[in-house]
């Protein structure tokens, strides 16, 4: 499937910014399930200072906001040819070892609620089946909703709250999979929702490692495995590692963000 | 050179100059108190005001007397401009710019701090005051000597000297500002004992009482003193002298860096304005206004130097 | 501690005899008037204080600056002893660099089961951001301080490898400078290998690791946390000796794809940053977001080839004390040779048997935190009170993996000059090693630290230790 994507994020500041940096993870990964036809990142009100591949294999752009500016606008746009691989991505030849994806992080440290969740699926001996039932359980117990969590909410907090967005669903899945001894990771990217061109935000889902298959994707929020409607941008142990944007700025300026995202065939 | 280093050098020498000036003002105030029996409260108050620490002082004490003022100006840690505080701050700045200093300059600043910390550990008894002030002056002189004797004449030296002269110009201007009324010809009673004492204090505050006598041989008039302090380039603490030094250090930087910056123009303009005036014209336009304007322009120049050479950002 | 225990003294071989390396010095010493030496000793202290050669002590009153006491009796090492030591150090440092590179890339040593992967996986010093990256010149530890102790004529042990930001080299240089000033005639009688080329060698080693983006002569800078840091003197000293700028985080910014420093004329790129701040504070964008000391974006520029950071972030994985216990295996794995320098026997308290042994024999052991340094958080069993032993045992049981234990070593002694005479005190040695793509450079000697209290084995300056000039003889 050929997907056309246009993703613009505009940061506006209430006073001129002296110094601000943004790390972008906004370049689709090169994989069997997706081929980049063309892709371009343009920055208005800032400069690309560096481009490199990070420790998870993600392409990163470092952006410097123009000194004295009051806004910066970042557009990632292009087309990606996708293939349905039943949500499976093979283990790469290089990159972080599997044990690394078994480690908990601050956002995915299990507490009692995650522990309970993990134990509910523990009886399933086939890992793939176990992961599928985990995904179903989470979808059932944690409803999709935008007002219950924020960007720094942990998996445990979201599980206890019983409500969350795709980021929270992915975190809960990852935390519970790892608690059950299965390496898992976080994926950020785009999803073309059926019958809808304008999307609210970029998407996130989880992957778990299954022997013999590789990384298997689970989109808890949509109760499905990633297919040709998905475009992958970055992976990592949690949101922090794979976030499309992470930034810092010097000074007291307050920031507002407007996202304009279109994914279409 | 790092902008921070330039700023560190500049402030190190501003602070050293400030400490020395404070000691000199304490000395003048002390002498005034010794020679005059009445109204020492007013005199000590003007010493505090001239030092620019009036607000801080008032938050600690409710009256002005020798013991308290001397203690506050020399060794109170609550006073960021006390001799003790500035010797510490100057030394911190010297540590910051250690790589830009010769061993001699660093050791002189370090020793200045060690000696003054020791000297000012306890309140200074009045009987010990002259000796203590002499020690303070002597160690300032050692730092200055080390600077002149050992440092290359490059940008490091230029920023050091800029700090000294900006601070000194400000200090002399504030002395005149606080005492300007005693220098107004209209209210002066020529030869009256009051004015002689006031004038003497003013001159002593800038260590110029002897040189004034040498140069003017008895012509002790308000106008001559004002002319001396403001316009006489022979006096190393006059406003005109300080500004001409600032101009020449900035010119040296301009040559060295092959760039002309807004502060170069600002300094030249201030210098030109000083040269185009005589004391008569200054009195005509108003001494007080002249000094206030000067203080403002000197401060603005200082800010411009900080900006142009990226001391902070 | 057993008061009658005999320690190897490096100088005194018996009544009226000294060991070979000290013969020349002893002859000179015998001619000196003790009062004169006492005066010289005081002069040295005044010299250090006036020069501001001080360090700050954490947890004490504001801006407390202390002198590290200097003892005027040198620690003397024979050329032949040094040759063996330096060969062993070079071998070890080579292995350390290979190990770090491996850990952040293929992890062959973990796959081979030589080092348990838990030791890396659960290690706070492991920095994921370094995975899949080779620093310029493949050098991770540009500067290493290898702590060595001696227990007998031919018994040298490595106590610790300092692969992050080993400090103290300024004292090595200043101690020699002080000795040269105080006793110039001594150096004409005893020939000692010079140490004063260290700053130039350091500068060269750093330049040799310039990043791909560097064009022309590499520009080096030293990054310090600021004037209140305990080692600030050393930071400014090294910058000064190398003739490079001493910068703080707020002097640096990302400009034109480089890390650049703010000069009076604008921003200028830095090629190699010798940083003296910890990994955690290095980059608020990649690590601790609250860090005020670091340089946001430096890790991005680093990975993109715009700057070299020395030592490399994450190098601390090699000086962890649990990893240390595997160092003989690590040396053999990467060099194919047996380790020349011995390790001290180490009990990893993470292992149940080792924990039991440690708890049973606490009064005889030295117990250290796995990630500790500077002598903080350590227990010296033989010197501890009953209460201290009990308290420490509780800490051990609570977090066994956080500790290792070692037997109390019979550290050699070297005399110090005190109360007008010589008296033996325990010492260790930290040689300074520079690594560049062109090879390994070890300054002859290093910093000898001495426990000034009679019988004490703790030589750390933060715990009341002093230093000595260290001589390697030119024979």
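A, B and C are the chain letters, set down in written order, and residue numbers restart from 1 in every chain.
Rule of thumb we're sticking to: a contact is a pair of C-beta atoms (placed from the backbone, for glycine too) under 8 Å apart; a residue touches a chain by one contact, two chains touch by 3 or more.
Quick caveat: nothing in here was measured; it's all calculated off a predicted structure.
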item	value
Nearest-to-centre chain - CA centroid comparison	C
Reference chain A; chain at largest CA-centroid distance	B
Mean-CA-position distance for chain C and chain B (Å)	47
Distance from chain C to chain A - Cα centre to Cα centre, in angstrom	42
Rounded Å distance between chain A and chain B, as computed from the means of their C-alpha atoms	62
Per-residue multi-chain contacts in chain B, two or more chains	313
Of chain C, residues touching chain B in the complex	49-52, 227, 232, 236-237, 239-240, 245-248, 250-251, 261-266
Parts of chain C lying in touch with chain A, wherever the complex brings them together	107, 110, 117, 121, 128-133, 253-257, 284-285, 289, 296-297, 300-301, 303-306
Residues on chain A engaged by chain C in the complex (per definition of touch)	19, 21, 23, 49-55, 57, 60, 62, 64, 94-97, 99-100, 103, 237, 246-248
Chain B residues touching chain C - in the complex, by the definition given at the top	1-6, 92, 95-96, 98-99, 103, 106-107, 110-111, 114, 155, 257, 259, 309-310, 313
